[in-house]
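What follows are several structures.
Okay, so chain A shows up in both of these, paired with chain B first and chain C after.
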Partner chain A sequence: MRFERREHRPAALVIATPLIAVVAALAVSGILIALAGAPVFEAYWKILVGAFGSKLSITETLTRATPLILTGLAAAVAFRAKLWNIGAEGQFYLGAIATAAVGARITEGMAPIIQIPILLAAGAVAGMVLLLLPLWLRLKFSVDEVVTTLLLNFVAILFVSMLVDTVLKDPMAFGWPQSEAVERAARLPKLIDRSRLHIGLLIAVAIAFAVHFVQSRTTFGMRARAAGLNPRGAVFAGVPLARTLVLVAMLSGGLAGLAGSIEVLGVKGYVTTDLSPGYGYSGIVVAMLANLHPLGVVLAALFTAVMFVGADGMSRSLGIPTYIADVTVALSLISMLVAVFFTQYRVRR
Partner chain B sequence: MKFDFSLSRRCLIASTLVLGAVSLAPAISAAEPLKVAGIHASPVENAWNSVMHQALLEAAEQGEIEYVFSESVSGTDYPRAMREYAEQGVDLIIGESYAVESEAREVAADYPDTPFVMGSSGGPSGDNFGVFGTWNHDGAYLAGMLAGTLTETNKVGSVGAMPIPEVNMLINAFAEGVKATNPEAEHSVTFIGTFFDPPKAREAGLAQIDQGADILFGERIGTADAAKERGILAVGSLIDYTPRYPDTVFANALWGFRPILDAAVADAAAGNPVGKNYTAYGMLKEGGSDIAFVEGVASPEAVEAMLATRQEIIDGTFEVPRNMDEPK
Partner chain C sequence: MNTIVDILASAGLWGAVLRIATPLILGTLGAVLCERSGVLNLGIEGIMTFGAMVGWLAVFNGADLWTGLLVAALGGAVFGALHALLTVTLGLSQHVSGLGVTLFASSFAYYVFRLLVPVSGSPPTIEPFQPISIPGLSDLPFIGPAFFTQTAPTYMAIALAILLAYILAKTPLGLAVRMAGENPHAAEAQGVNPMVMRYGAVIVGSALMGVGGAFLTLSAFNSFFPTMVQGRGWICIALVVFASWRPERALFGALLFAFSMASSCVFRPRLMAPCLIRYS
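So, the complex of A and B:
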């Protein structure tokens, strides 16, 4: 048995496989839901209600999707150039803490119109730096960046943990390890009152369009793709490989750092070590679901957020263990990945 | 005569109706217990959460409340969990706002008709956001008194979660108790930086033992594993660890959540504002916390002295110092 790349992708297949994937995931998690003693079909309904059923659930789903769009883009742009950035989680945290540090110590009191861009830039730059280091190791010493970016996540999170417990610790937080907060004036405006939804969503979607433009319409976009498809061929064709990869790394790390920055400015206001429920890692899944397409990333992030918020809400309204919701999310992501794979490959005996 | 008779009969019917209605009223409210939601940031197996979870389950079994819960809710999801339960229309939300102090208060302000009672380091807020602390320091002090008489190396160690005020107070109380019976003893402390990580607590405990401690105060679950491994004694906190570590844990600073829960449920049921501090209901004097210890480990004199102090605390003649500074 072998897999063969499809020349043509029939439209029916492209539409049907994701649906089959979701049905399969729900069927399997339905077994767990039934074992927990809850009515299975009501549970499916509650997932929809949990994700879309009220103003609260819609805003929560979109709030959840915002960082996923950005970390998804971070993974997508890097993977396209075959730069295996597994470190979006660390870059997210470093971007978040840079924003909190600059906001609390340097830019406090400035006009929001100046302060917010500075804080977003601070987060993006921090994310870039954290990815440029492993890229340098790869270019200079051929160190595999899968390993270095992955391990740097732990370094970054422990570094943040140290900062929120020492120099950046908020003295008003009753001893809780959390960073000083960015002042309220410098937070991102809310899109809807009495919700957590902020304009970061619009920023993220706009960036997805911008990335799509850069990738499909600019020289840099073509070079990055060439570098990914065949590095030696690209060099032969005159692509400056190292420079292109540096730019890709800056874009990828910058997006992940920006995700952390926007999460701080839009949702929390400060940094704790549980700021991210794995946004960096989920970003990889989001990018794979989207087949590395920037606009697909927006939809994939939305799907991931829907499953998470919906399943989480379902577990609460039916009183079944929260962990079943986690399993449902994981199953839906895995089956969706398999489905995406089968739209691109066929099985040959 | 006839007139009188019919009047008295009418009176009889009327009064029967009134009586019936009065006796029926509590029956209706008993049939519909208060719906209480618990939002746990850690798994409900975590000692602190388990105390609350058990109290809530017990109250539900007795038919006093209806209990639904979420566990392992991360800081990012916590405000949503609060909002979801509030929108579901539960009558009381019990939880912990340590990691989300300001956000939790914002949520409460958005749902003024939903009472929230949260474990918190801060104060109450508005009419519908009440708080409680975990003040089982009386038991920790008493366990410290026993530990002071039992240490041979004159070194005791504590393993705590994070240096937040009530954890500090608890560990300081244990250290004070040790000092009370053994002024020579040294006390050292390690914070593991998280609320639920038993292997990490065990590691911290082993490090304390390597530095010479021969009694460990496990503010966090997992500490007793280290003590058991090295064959030394340990003190548990919040729940009774002795059944699980029969030869290791000789005393426990128990904390009870039921009195706090009952007070909060009573307020919520009566429609009273819950925006107050429920901490005191969890103290020894109010029947919330206490010490549980194994007979025959400490000397009878030590136990006698400890029990005398316990009585003084209950009588109000002695108060365990409340020192919320970070122990060194």
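So, the complex of A and C:
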């Protein structure tokens, strides 16, 4: 048995790939649910109800999807150029803390129309800086950015946990390590009253369309893709590889930092070290499920958010641990990788 | 100043350094073996988590401690085989597959743990490995209590580092593994099947990672809880580079990293509430 590269990929198969992968992941998780002694279809129904059953749960699912769209885009734009940014989690936190710091110390009192863009920009710039450092190491010394971005996550999170326990600590928080808050006027407006859903969702979706436009219609998008497909060929064809990668890193790190910034301004107003339940890492799953397509990222982020929010409700009624959501999401990453492989190759005896 | 000198001169600190280094040594050896054969195994964080859980669960259900370590090794090997299937047979991106294995192995471990061990106020515990005093050596002043009253897996980890260094550098098997990593085509021309070498290295390496995780629950501590591995797997990935892919240097790298971890526990106990491994 061996694998043979397909000469052309049927378009229907490529579009169906994520669906096949998700179904396969749900099937394997279904076995785990069955082994736990719970009815499988009822469990999945409860997940859907938990995610969409009421106005509150729908807004909660969309609130959860917002940072996932942005970290998913961060991974997607970087991976497309074969820039392995595994550091979205750290960039998320650095973006969040930059927003909280600037908001609490510098821009307080400014008109919201000026203040909010400044705070969002501060978060994006912080994320950019954290990715430009490993990129510089790669371009200058050929240091593998997988290891550096991955380990910088810990540097960033420990740095944030130091700040929220010392200089940026909120004295009004009863001794809990949390940062000073951004003033209410500078928070993102709510989309729906009495819910956590904020206009960050619209910003994230708009950015997904913008990224799609940039990738498919601009020189930079073409160069970034070429840099990923064949760096040496790209250089030969006149693509300025270093400059392209710097722009890709600014976009990717900026998106991850923006995700942290929007989470602060939209949901909490301040930073704690549990602000992100692994949004940076889930973003990688989202990007792969979307096959690195910016618009697919929106749908993949929605799927991931549905699993996480829905599993909470399902767990309460059926007693299946909520970790089943993490298992399903991880399995869908693995099955997506395998499914993409089989759109490119076929088995020959 | 005096207190700093006192702390540095205490056998307790140096004993803790070895204890904290043990999971790092085992994980790094596993990662070195994988990478020498040409496969980056970012599954390490999840494999260590799974090893910690499954080894503990075996002992909790009545197995003895060594069986627990064996179960952890087998659990690691299974996820290693999954990673090898994805990266060696299918040739998928090693980075993304590895992250997938980490996400799957750790969430699966948490799921199984929550399912089989009900939530309770105080986590259920087991009787962990006890320190063994090496006769003669453990009576030496300072050195004895620091380095020769460790638990059995710590001695085993050090022995394994030396063994792996020997196998990789001096035996035909080690040469074959390194050839598969450096130049698979040349290896094939020499009659070495690089696929087999990579499968073997990733499976054995992942088994070592599983044992490294199980040290946390079976020796350093006596219960399992989610997120207890706390990025030790990623530290091992850094240690591989720090040790320039050599098992014997991994030993010293792990000790150096463990020293800084132990110091942070000693000097800032308030900040390091989750200082899991006792240091005194």
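The criterion applied here is as follows: the second predicted complex is superposed on the first by the 276 of 349 C-alpha atoms of A that agree within 3 Å, B and C clash if a C-alpha of one lies under 4 Å from a C-alpha of the other, contacts with A are read in each partner's own complex, and residues count from 1 in each chain.
In this section, a contact is a pair of C-beta atoms (placed from the backbone, for glycine too) under 8 Å apart; a residue touches a chain by one contact, two chains touch by 3 or more.
Bear in mind the structure is a predicted one, so any value in this text is a computation, not a measurement.
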*In the overlay, answer first, second, both or neither for which of chain B and chain C A:R196 touches.*
first
*After superposition on the shared chain, which partner residues are touched by A:Y323: those of chain B (first), chain C (second), both, or neither?*
both
*chain B versus chain C as contact partner of A:I284, first or second or both or neither*: second
*After lining up the shared chain so the two structures overlap, which partner does A:L331 touch, if you call chain B first and chain C second: first, second, both or neither?*
second
*Kindly classify A:L151 by the partners it touches after superposition: chain B alone (first), chain C alone (second), both, or neither?*
second
*Considering only the touch criterion stated at the top, classify A:S276 as touching first (chain B), second (chain C), both, or neither.*
first
*After superposition on the shared chain, which partner residues are touched by A:F174: those of chain B (first), chain C (second), both, or neither?*
first
*chain B versus chain C as contact partner of A:T343, first or second or both or neither*: neither
*Once the complexes are superposed, what residues of chain A are shared between the chain B interface and the chain C interface?*
165, 321, 323
_Under the definition above, what is the set of chain B residues touching chain A in their complex?_
68-77, 79-81, 83-85, 87-88, 98-99, 101-103, 110, 121-122, 162-165, 167-168, 193, 326
*asked:* Quick check: in the complex, which residue numbers of chain A touch chain C?
replied: 3, 32, 36, 79, 84, 86, 146-147, 150-151, 153-154, 165, 281, 284-285, 288, 320-321, 323-324, 326-327, 329-331, 333-334, 337-338, 341
*Can you list the residues on chain C that touch chain A in the complex?*
40, 42, 82, 86, 90-93, 95-97, 99-101, 103-104, 106-108, 110-111, 114-115, 231, 234, 237-238, 241, 271
_If we count contacts the way the header does, which residues on chain A are in touch with chain B in the complex?_
50, 54, 56-57, 60, 161, 165, 173-178, 194, 196, 267-269, 272, 274-277, 309, 312-313, 315-317, 319, 321-323
